[in-house]
Every structure is written in C-alpha cells, then in structure tokens.
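In the two complexes that follow, chain A is the common piece, with chain B as its partner first and chain C second.
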Partner chain A sequence: MAGRISLRRLSGLIRKETLQIIRDPSSIGIAFVLPVCLLVLFGYGVSLDAEHVPIGIVVETPSATAQDLVSSFYQSEFIDPVPYHSMKQAEDAIMHREISGAVWLRSGFASDLLSGRQAPVGVILDGVDANTARIVDGYIMGSWYAWLSRYVREKRAGYLRPAVELRHRIWFNPAVRSRNFLVPGLVAVIMTLTGGMLTALVVAREWERGTMEALISTPVTKGEILLGKIVPYFVLGMAGMVLTVFLAIVVFQVPFRGSFFTLAVSSALFMLTSIFMGLIISIGAGSQFVAGQVAIVVTFLPAFILSGFIFDIGSMPPPVQAITHIIPARHFVSILQSIFLAGDVWPVIFRSWLWLMGLNLIFFLIIMRKFHKRLL
Partner chain B sequence: MDKNSLVLEAQGLKKIFRAGDRTIEALKGVDVQVRSGMVTGLIGPDAAGKSTFMRLAAGLMKPSDGSVYVLGLDAAAESQQIHEKIAYMPQRFGLYEDLTVQENLDLYADLQLFPRTKRKERYKRLMEMTGLAPFMDRLAGRLSGGMKQKLGLACCLIRPPEFLILDEPTVGVDPVSRRELWEIVYSQVDQLGMSVLVSTAYLDEAERCSRVVLLHDGRIIGSGKPGDFSAKMAGRVFLLNPARKEKRILQLRLSQKPQVVDALIQGDRIRLVMSEQLEPDQVGSSLSLPDQIEITPVEPRFEDAFIYLLRQKGDTATEVREAENQGEDIGLGIHKPVQGSRTDVVIDVQRLTKRFGEFYAVREITFQVRRGEIFGLLGANGAGKSTTFRMLCGLLPPTSGKLLVAGCDMLTAGPAAKKMIGYMAQKFSLYEDLTSRENLEFFSHAYGLSGRVRQEKIAWAMDAFGLEKVAGVRSRNLPLGFKQRLSLAAALMHEPDVLFLDEPTSGVDPVTRREFWRHINVLAEAKVTIMVTTHFLEEAEYCDRLVIMADGTILDQGTPDEVRRRCSTEENPSPTMEDAFIFLIQREAQKRSLVTVE
Partner chain C sequence: MEILFRIIALTRKELITLLVNKKSRLVLILPPIAQIMVFGYAANFELNQVPVAVYNQDRGSYSRELLAHFDSGTFRLVRNLTSSEEIAPVIENKQALIVVQFGPDFSSDILSGREATLQLIVDGRNSNVALIALNYVQQIVSGFNRELAIQHRRINGGDQGTVLVVRSWFNEMLDSHWFIIPGIVALLTIVITLEVTALSVAKEREAGTFDQLLVSPYSPFEILAGKSIPAILIGLIEATLVILIVVFWFNIPLRGSIFTLYAGLFIFILSAVGIGLMISSISVTQQQGLMGAFFFLVPAVILSGFATPISNMPELVQDLTLLNPMRYVLVIVRGVFLKGAGFDLLWSQFVPMLAIGIVTLVMAALLFRKRMG
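Showing the complex of A and B:
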C-alpha cells in the first residue's frame, strides 16, 4: 500500500500540522468561529416558520358575526390582521407589499350565513414566496375552521357542521420549530467546512508554497503524508462537532433523543468522507484559490442545498434525489435529524452508515490511485 | 567513495509538458554524468530546463523518454529508495514559514529519522556553520532571504545525504549569504566526501564548481572543468579604453562586427571577446579602431566561453544577431533625441526617508541623476530599492525629504508631468492574452495617443524593436527576449524623457540581457535618463553611475570604477563589483557593531 508507517515521522508531521493550525488564525476561524456564527444565524436569524404575517381584513358591512370571525384572526400568533375598508385598498397594499394577503368578507356575509345560504369568504395571497403563501393559507384555513366549529357549537347551527372533521397531531417536532431541524443539520455543514474546505486549502497551500515539493523528496512515505493530514483535521473537525452539538442542546434547546454513541460513530464516518474529499480536491488543484473554489462547489454547497438540511429531498425531482445519495452530508443529515428529533432509529442509521462507509471506500481508493510522491 | 564512480547518470533524458494545446519540450534528450565526491554545477539561464532535470533526478517526475539513475537506482521507478539516500532542496525552498527555525529542524530530523540523542550536537554544528544559532526561536518566515536558504540547506544536511541536489540555492540571495552558502556546501564535500549537484543561472558561480554541465534550451552545450572553458578563450579577450563619452557608440558598433563574439561595457572600458586568438595590435587593425585606444589582453572568464558557445549553437543568439545586422543602422532611431543638456539634473533626491511604522525602509538618502545618464540602484532584496523606486514614480508618498523628477514632484504632478516618465515593472506586466500588436494598441490608448499619431507610433514600435513578425502572437507565447522588447516598447510609446526599469533583466539569459542593454544604451545616447535597479552585480558595470544600498541607506555612490577603487584592499587590489559590494556591507556591519558596543 503506502509503504510502512514510522511513528517518529508521523508524530513529527502531526506536531508540525498542529503548530500550523494553532498559529494560523484562519484555521481556528473556520473550525470554531464560523460554527458559532452559523449557529447564531440559523438558530436565531433564519427561520422557515411564518410568524406575524400581515394580512389585510376587509369587512364590507360590519356585523357582530363578521367581527367575531375577525377577532379570531387577531388571536392567532401567526397572523397580524390589518383592517381595510374596501377591497381596492387591500389590493393596493398587496401591490406595495405592505401585506402578504387579504381576507375578504363581502357585504352579505352575515345575512347569508344566518339564512343558511352559501357565505363565501375570499382569500387572496401574495404567491411570490410560494412557501410562505402556503403556510399562511394553512393558518387562515385553520383559524377559519376553528371559528366555524366554535360558531356551530355556540349557535347550535347544526346545519353548518362539516361532514368530516380533520384532527391533526405533529410528531417529533410538535411545536413545529424549524430551528429544531435546522440546527442539527448545521453540524453536517460545519464539519464539511473543517473537513472538506480546510483540508483542501492547507494541502493546496503546501503545493503552492513549495513545501510539499521539499516534503515529498524526503524519505517520508505516502501513507505518512496522508495520515499526517488526516489525523489533525479529524481531531479538529470532531472538536467542532462537539462544540456545535453542545451549543445546539444547551443554547438552542434542541431536543436530543438519540445516543451520543451513535452520534460519535456517525460523525467519525462523516468526518472521514469530508477529509477525503478535501484531499482529492487538493490533489487536482494547484493553488489555494482553485482549491477553495472547488471545495465550495463540491463540498459546501451540496451539503447546504442537497443534503435535506434546508430543502426537503422528498420534494426534489427523482433524478436530483438520486444524485443526493453520493453526497455524504445527505446521509449524515438523515442520521442527525433522527438522533436529535426521533432517537436512534436503527433502520435509518444503518442505511446511512452503509452509504457513508461505501463513499469512504471509494474516496480512499481514489486518493491511493491519484496521490503520488511526485509533481504532476 | 571512489572519486570516479558516478552518482548520477542520465541518458537520452526527455521531458515534455503539455498545457492545453501547447507542448513544451523542457529537456530535449540530455546525457549527463555526475561524479561522486565533488560539486557539479548545472549551469544555464532561466527556462533552460535546469529545474526539470533536478526534479527528474530527485524522482519527483517521470521522464517522457530516456532514463536517469541516481546512486544506481532508477529515479522513475525507485524514487522512494532514492529519497532515503539523497537530500533535495527545491528552488523555492519549502520551509514552513509559520514554524520556528528549531521546529523546522525538528520536523526534518523526524522525517529523516535522525536519532534524538545525536540531535543536540548536530544542530549545534549546523547552526555554527550557518550562523543561525541566535535565531532558533524565530519564525522561518521572518528570516532574511539568505538566512532562509541557509536554514533550508541545514534541514537537508541534518542526516548527511549521500548525494545533495540543490536547485538554484543562490537565486535572489545577497552576495554575502551567497558566499556563505558555497562555503557550507564545500565544507560537506571536503569533510564527508559528499557528492553535490547544484544548478545556477549565475555564470560567475560556475567557477566555484569542480565540473560543470552547460544546459541551454533543453540541450547540453558543453561539460567539463570550468577552467577548461575559460582556457579555450585565452588570447581572445581584451579591454579597450575609449574616451568616456564615446564608449557606448563604440560598444554598439563593435558588437555588430562579425569577428566580435561579445562587447560589453565594464565601467569606463569595453570588454571585447574575439572569435579567434589575436595579438592586441591585430585587434585594432582588424576592427579599424582609432590608434589612441589602448588594447590590453585580459584573463578570460567563464561567461566569455558561455557566450561563445551560445553564439556557435545558434538559436537565440543568431536570431538576435540577425536583428542587429540589419544594415549599418545600430538602432539609434528608437527614440527622438531629448532636448536639454547632459549637465541638467533630471532626478534630484535630497534626504529622502520612508518609514513604515517603526521600520525605516529608506533613510535619508541623497543623490542626483543627470540627463542621459544610466543610473543604477544596487542592493540585495530588502535594501530599499523598490521603495525608492515607487517614491520616484509617485506611487508612494515619502515620509520626509525632497524629491524631484524632471522638475516635478511626481506625487502631486499632473498627467502632463507623468507623461515625462516611462516605467517598466519587474515582472512582465503586459496582458498575456493579447497579441503584441494589441498590447501596443492598448498602451498607446492608455497614454492618450489617438488617430494618425497612434498608428504611426505603433508602426514605429513594431519596426524599431523588430516585433513585426510576432505582431499576431499572443504575448504569453513569446520568447522571453521578445517579451522584454515588447515591455520596453510599451514603456516608450509616449517617448518619455526619463525611464525607470525595475530589475529588467532578472531571469534572462546572457544573450537576451545583452540585447536588452543594447536598446538601453541607444536610449542613453538619445539623452533619455535611465534609472535601473538590479541585484545583478555584473550589470552595475553597464551603468554610468550607481548607488549601493543596504538596509535603506546608501553605502557608496559614484562611477563603477570609483566604487571599486575605493573598495580595494591590500589583499584584493582590483576587486570585482561583487567584492566591492561585500566589502561595503561588511564594513557597514562592523560600524554598527561598534556603535552597539559603545
């Protein structure tokens, strides 16, 4: 394989790498400062929940019934109602993006309802942001149904009772806090940064500065050079993982339902794929600049977009879904979301472990074939 | 080891690089033998193929064809075994700049599995040799260029290798450190019988080697003892002493004669290399020189032989020759004569200082340059040359002092004054993706030329610098000599009165360098004032006057002859420019240490 490994040489290389990491503020930045920034950003700043969405309420003829319905919107924490006198005004407000939609109670609403005729309620939504529009639609429907069932109960207006009633319950994340699934996914993104990006950059830096040329002309073996890079960055990445998980549980109050053992094994498997990818990139890239660019496109962006961290894989087109399988972060995100929100769901975890091990093997074979103690 | 056994044997060695659709043949089939127990020099200009050869020998590349055996091992297949026996120092030595001297040594000791118990003693010995003992805890990145190279060499020597390969260890290193590096190498050869292969582009270093191999354009053009090369030139080298103001015209005319191999300005004299052995009076008559010019035979140098070999081999040399031999015209038409007298002070610098924080890059320097002079700014890297240059061109504000170029302060001067100066940067600063013509078109635009004037100017530049035949070639693909002509042409598009050249000839082969200086001499004849920086001490001889800088101050100034004369000692009555430089630096260091003692 890669020749015998001398512990003396390996420890010399690891010591060198450690000193470089300690003295280079940018590696500390990528390993520890960036994770904290990302956590704060995703924990507090970015939220996929729609809360306090301004919605126009147009009541053409005020009546007790209409007022009762409107007040139910006021009770919702998701909707901030804004009263308008005519639909024209509400439409203008939508055009100016002051409100995200409008509920329209026509002049005959109360009388139609009382007389048992159809009493349609108009809902207009700004569909530019399809995701928010869908969520807001749900909230309005929810408020509407809640009011209607209360109305039926109070007024004993049995003729209005719907034939089928929907009762729903949300599992794993009952409060539907998007933070609860974003923050565990971040662990994958952060480990990709230290594993993929940092490793690609530091190895490319050695080629760029000519230190690699001096290094490979010494009796050092290929295996020692590779291990000399893998060990320090593995430790660094795992440290970043521990920090992130600690902050997630303690500061962001994300539930943790699985076991730390599963987390440790999964993280170790994932960290290796990240470092291997970093090494492969640095073999092809001659400069830090190219390595950085390639690492962003090949490791960081897929970990962000195609891993299921933000965007649901199930709603991607089938070919894209197939592609996500070769992205290690996708498997790790599945494991993380399972461990944090559901517990050790072994079928999910085993399947993901197998994938990660398979990818590790492939990456390892590529490195052994492509990395030589040679220029070009 | 047996003195005559071979540590390296290359046969029919070829290396071809492919970049896109271009192929570069770095080595075109070379046979090289390196004997054990001595220093063998691989001598050649940049891009000759030296680094490629060194890397093939160190087993860091695979040859395209042919073979190279090192210590009896095939470098292509048994590189790991070779790495256990040799030490190789690449051109940009890969020290870890964020590790200290001590940590770098420890790393290499670990890599070479040098026993811990013997380290202390070995480090002590190496640090004595390199003079790095006081700097053990300093980060390698904070060492000077010379110290870095010495540390690199020390790292290679921790476990003494059987065969040491050094790729241009002295490039960009100040002359004092250069001498020290050679002393360290020789101490290893003398004490341990180490075999060394060292490459260099400095021809004067050839004479320090036991044997040399001359590489040019991927081919071997000669090999043997350096003395043998110079010996062949005996009786062909002469010094002439023309009247001072005629020396340039005479040198230009002489260099075009077919029987002249080389004519160089050396201080106030001209060094002449003839193609055959002649008596001094025969030289005069053969070249129809005026009688009052004295002709003295001198000792040949290695460089004379190198130029002779190149001229014989053709390629670059012939090409340049052809350009030179276009009629009796010596190219005086490349610039309109500048108005004014040669006594005018064109550049006036008084007590100029530039401070960055606590650090004085330039401290209280004073000099004046007259119209039509070639004025040299000499010094090692970090001496303050570039800072001075940037201030003169108005790119950097001085901290204090007075500075006038053509009567204007360049920092506040308007575009009209800036048009008086031309600037040629150290690196080839033209657009590599544009053709020669497109580059000239761009630069003429940038200088505000337009319409008929611009067309005429471009046609002139193409003609004067012989660029017509490469007009449509992308400048990336031009030979180095043409690149330089193009840079110079671009800097001259607006016919400046003052021309600044920053290290114009670094990395250029001797023939191309001569051709470049031919243009500079012609410009000086047209009374263009030329200021040039160089760390190439040979080039100092081509200047009319020069200053020698170190640590931001001026150590000496005057004509090359004056400077050399002032530095002569009893042991060395006729020092070379390099001797003079080292003398000045050491005298300065002594002065400083006296000050500190007080």
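Showing the complex of A and C:
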C-alpha cells in the first residue's frame, strides 16, 4: 500500500464517509430496509413446493373401481381434483392454464382391469413449466400407487404388485421444505446486492463532484482513501447481514445447525468481496451513471442464476461451472446451505473459504492497480 | 408536426448521451449477449452427472441389473461403499448426492416373490434437486418393476394389469431449458430497460440540466416521449438480439406468431420504461435511483414466475404479483414460444400490462412537473 497509514487521517476519512452515509438516507435504506423487505417478501414468496395443484379428472364410465382410484386423488394434500365430463373439456382447460394436467379413465377401465386386459390410465401434463410438471407427475404417480396397493390387497391380485419397493430418506431436510434451502441462499443474494450497491457509486461520485481532486491535494495516501471507503461500508454491510440472518432463523424458522463463529468468519470474507466488487465497478466506470449500469448487470443476475441458490451447479456444463467460481455468492451459498442445514462441514467450508480469500486477493490487487491518486 | 420534430430532437439528444460514452455503449451491448449464452446453459432444473455412491450387500444379480438402469448421463457412480459408516461422510461432504443401498436379501427376495426393498438416502440441502433426483430413481425402479413383471408373466402367462401412460404437452421431453430460456428474453429486456431509464432523470438532476429542460418550451409530455422512445428502441433491439440467439443457438421452438411476441414485448417495455422513469424522477441522487432500480427489479424478477411458480406463493404475495408486468410477459413469451398461443389465449395478459404502462408513464410525467417546485 502506498505510504504509511496514519490512524488520525484514516479516522478523519472514516468520519467524513460516515457523515455522508447518514446524510443520504438511501445508504441506510440499502443496508437495512432493502435486505429486510427482500427477505420477508422472498422468504414467503419463493417456493418450489407445489401444493393444491389443480388436476382435471375425467371418468368416462363411473364404476366402483374408478371411484376408488379417483378418491385417492382427493385424499392427496398436493392435488386439487377438478371433475370434467369429457377429455375435450379438460384439454381446453389445460390450454387456458386453468389446470396443470388431467387424468383420464377410459370407458373400459374397470371392466378391463377386472377381466385381466390392459387397463391403462391416461395422464396429460402441461409441460410448459417442466419442473412443476415433473413434480406433479410424481404426485399423480404417488396417488395412483396408493390406490394400486390398496386394490392389490383387497382383490388379492398379488400379480399386480411391484417387485421392488423404493424407500427413501432425505437428510437435513426431511420434510423437503424448499424454504429451508432458499432462505439461506437468499441471504447470500441479498448481501451481494447490498455490499455491491453500497460501494458501487462512492468513488465515481468523488470524481464526478470534483471532491476527489480536493482529496488529492491533501497528504492522505491511496491506502487511506481506500480504507476510509471500505471500513464504514463494511460495518454497515455486516450490520445488515446480522439482521438478515436473525430474520432467517427467527421468522422463517430455518434450522441453524452450524456455529456462529463459522458464520461470522464466512460473512466477513464474503462482505469484503462484495465491497471490493463495488469498488472495482466504481473505479473502473468513471461516472456514477455507468457505475450504476454496471452494478445492475453484474451483481444481481449472476448471484441469482450462477450461485447455486436455485439452479444446481453440479448439473451445469463444465465451462459454466468454471465460470461460477468467480461469483463470490456461489461460495457463500454453499457455506450457508451447509451451516444452516447440515452443520459445520469443514471440507465444504474450507474449500469455499479458500476461494473467497483468493477472490479477495485478486480483487484487492485489481483495486490497487486501477486506483490512482492523481489527476486523470 | 412541430411536436414531432421536437420529440425527434429530444430523442436524438438522449440517444447520443446514452451511446457517446464508450463504456456505456459496451455495458449496453456486451452483457446481454454474454448473459444469454451463460444463463442459457446454467439456468435449468435438469440434473446432470448426479454423483451416486452405492452400498451393495446383495450377492445376487438383480442389484447389478437395477444399477445398470442408472443411465450414465444423469447419474455418475463415484464410489462403492463397503460399510454403513461410510454413508454419512460421503453425503455430508457432498461427494455424493445419493446413496443407493441394497440389503443382503435383495435378489433372493425378488426370486422368491417377496417384496424387495431398495433403500435410498438423499442429500436434502437443496430440496428441489433432492426431489428431482428421487423422481428419476422412482422412474428407474418402476421401469425395472415392469420388466420384471413381463419376465415373470412370460413364465406364468399372466396379464398386463394397469399402467400410467403419461404425455406432456408443449414440451414433450419435459426439458426445463424450454421453460427457462424464453423467460431469459423477458429477464434481460427488463434489466436493460431499467439500466437506461432508472438513472437518466436523476443524472440530469444532479448535473442541473434537467432544470434547463423544464424551463424550456417543452411540455412534460414531450420530455416524457424524449426519455421513453430511446429506451423503447434500445429495449426492442436488445430483445431481438436475445430472441435470435434463443431460436438459432438454443433451438427453442418458436411456434406462435412473431407479431404477438413483439406486441407483448412492446407493451412490457412500455411498462418497464414507465416504472424506470418514475423511479428516476422521484430520486434526487443517482444513488437513490440505483437503489430504486434494485428495489423494483429484484422482486419483479424473483416474484415473476421466472424460476419458481407464482401458484406456489401465498395468496397475499400472489395478489402482489398482479402489479408486476414481468409476470404477464412471461406467460406471453412462453405461450407464444411453446404453445403457439395467439391473442385469443393471451389477451388477459396484455390488458393489465398495458394498464400498468399507461399509469406509470402518466405518473412519471406528473412527477417531472412536481419536482420543479
């Protein structure tokens, strides 16, 4: 770092920056109001658990067997059956997005089943949302299976019974509540925005308003200017982080199985990368306008799509997986999902810490290269 | 006529200020192309190369036969475990997402007609991935059961019984790329539009040029037009670029009419411009403009149905999404791409979006004026 750091000058700069933060309420808004609003909104709003999915049911010829099968759909907590008289009506409803799929019992269903002929059950799914369609397929299969095993028991039709039964256990999140993995991920996405946004404009603003030139004429060093920017926003960002994590645990009841020490170290490392990223944008862009544009592009979408918060990184093509490593949120999401749901899993946490430290180092070097204390 | 000239002059000035700066030009052109390429591959719910560990105590051949059904594209065998103590660390350290466990009697149970069980342990940290993986395995097992039943029948001469015959409309292979990638068109369009509009008034206000504009003979409507038209143009051009990549690079079928698609995108951009200009005219500083942009953009994207369905949200949040223009355009874009839907199916999406656009644009024009005092 250029020159020695004088604590007196540094504290002066920090004081100045803090006053500026207090003066423009939008900084406080970014640090506290934005994270809280977003977490509450998303914590309630974002869910991959499809419940009460409307499914059309068409029974061409009513019979006891058909009624029995239909009742198992009514018993499912995930399906809301909607009766239709003909397949034509049901297909129309799928086109208009009124139902997500339809189950079709042809007129010969019961008699065919009794006389030992093939009695297929038709299912049509709205495949536009492929992920939901697959989940709905699973629900329908579950209800159908429940009916089949009941039928086999009652009619002693052992030949219909499947040979292999699948039993599964889902660890860390036995109720498969998607909120439990989405909320920790949201913390990372939201903190990327906060950290990046807090600092994206601060250096560009000094240049634009000419106050940087005033700073240049003083004996403060480059390192002091940078530290004067980093320290107050780091403190502000971490305070926002504490609030967000607190909400995640208290309001959303996400289990917290790791230690607060690991969480604190990880958060600090991550907050630093976010702030560094904001500073790089601010230094590189030159004007606040361009800095703002860049911040919109590089903070939110990559953290949303490439962090593993919602889309599985292991399933991406290898070149894209390589790109995800330069997104700090990816490592933080990985840490948070483990700390919250599984505990301090050191192999996972160490790997992510190393990446975050590496990114911090790279970002720091870029800042030191790009930031000059001289007139352009 | 004169109004037209004045609007053209304002539009020209606005386009020049947006595009004269080389950095600003790069920010508008490069990221959308890079993002559609990367996100197009990254954003989907398909599972690839899921790491599987196997703990096989069975000495018979059926367990191996069933394992052969785990196809190599979706699953990848990473380890054979030799004791049950190894299961926990393998899952915790994320070496395997799934552990498949066969008991010692698996094959002999099948042979003697008893029910054989297959034990599956899944890492639930990402519950969606866990459910999809579980679903895949369920399908493998039911396929295996059907094969066994056919073999068995060949010996005993039985019947066919009942099966589920599932067909998926619009997206026969249930490929979630088809769902997400058309959505990215809307996603990048709203990002670009906000980028262009959200800071534009605040920037002029900080520089003092907005006051000059207000004291000039321009009416608020003309200033509004001068600010909106460049943003609409840029939004439409970017959208076209992204659509070309979606159709020709990612080969997503475009089954409906281009006219319906563009009508939807145009109204969507209109509403996004209205919101962007509204944010911009409320903000005093560019930092406030940036915060406002995020305050709108992030919820608009996350609560749009882009990645997680709106129908899964609580009623209150669902009602809130009615104010979100992105919610409607996603239905339009996906409807046109995958279903070939026309106005008859989609008009209910056009109307609210148009209403949002008109209201926000009018509000923005009113706010221009009010800020003067």
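FYI, the second predicted complex is superposed on the first by the 375 of 376 C-alpha atoms of A that agree within 3 Å, B and C clash if a C-alpha of one lies under 4 Å from a C-alpha of the other, contacts with A are read in each partner's own complex, and residues count from 1 in each chain.
Here is the rule we go by: contacts are C-beta pairs under 8 Å (C-beta built on N, C-alpha and C of every residue); 3 or more make two chains touch, one makes a residue touch a chain.
Bear in mind the structure is a predicted one, so any value in this text is a computation, not a measurement.
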Original post:
A:28 contacts which: chain B (first), chain C (second), both, neither?
Top reply: neither
**OP:** Tell me which partner A:128 touches in the superposition: chain B (first), chain C (second), both or neither.
**Re:** second
**OP:** Pick one for A:19: touches chain B only (first), chain C only (second), both, or neither.
**Re:** first
Subject >> Partner chain in contact with A:357 - chain B first, chain C second, else both or neither >> reply: neither
**OP:** Using the touch definition from the top, say if A:141 reaches chain B (first), chain C (second), both or neither.
**Re:** second
**OP:** Spot which of chain B and chain C makes contact with more residues of chain A, would you?
**Re:** C
**OP:** Pick one for A:120: touches chain B only (first), chain C only (second), both, or neither.
**Re:** second
Original post:
With the two structures laid over each other on chain A, which partner does A:292 touch: chain B (first), chain C (second), both, or neither?
Top reply: second
Original post:
So, does A:82 touch the first partner chain B, the second partner chain C, both, or neither?
Top reply: neither
Original post:
Is there a shared patch on chain A that both chain B and chain C touch, and which residues make it up?
Top reply: 24
Subject >> Interfacial residue positions of chain A with respect to chain C in the complex >> reply: 24, 26-27, 29-30, 34, 37-38, 41-42, 44-51, 53, 94-97, 113, 116-135, 137-138, 140-141, 144, 148, 159-174, 176-178, 180-181, 193, 197, 200-201, 205, 208, 285-290, 292-298, 300-301, 304-306, 308, 310-312, 314-317, 320, 323-324, 337-338, 341-342, 345, 347-348
Subject >> In the complex with chain A, residue positions of chain B that touch it >> reply: 55, 58-62, 79-80, 83-84, 86-99, 103, 106-113, 152, 155
**OP:** Report the residues of chain C in contact with chain A in the complex, numbered from low to high.
**Re:** 21, 23-24, 27-28, 31, 35, 38-39, 41-51, 66, 91-94, 97, 110, 115-132, 134-135, 137-138, 141-142, 144-145, 148-149, 152-153, 156, 158-172, 174-176, 178-179, 187, 191, 194-195, 198-199, 203, 206, 285-291, 293-295, 297-299, 301-303, 307-309, 311-314, 316-317, 320, 331, 334-335, 338-339, 345
Subject >> In the complex, chain A residues that touch chain B >> reply: 3, 6, 8-9, 11-13, 15-16, 19-20, 23-24, 206, 209-221, 373-376
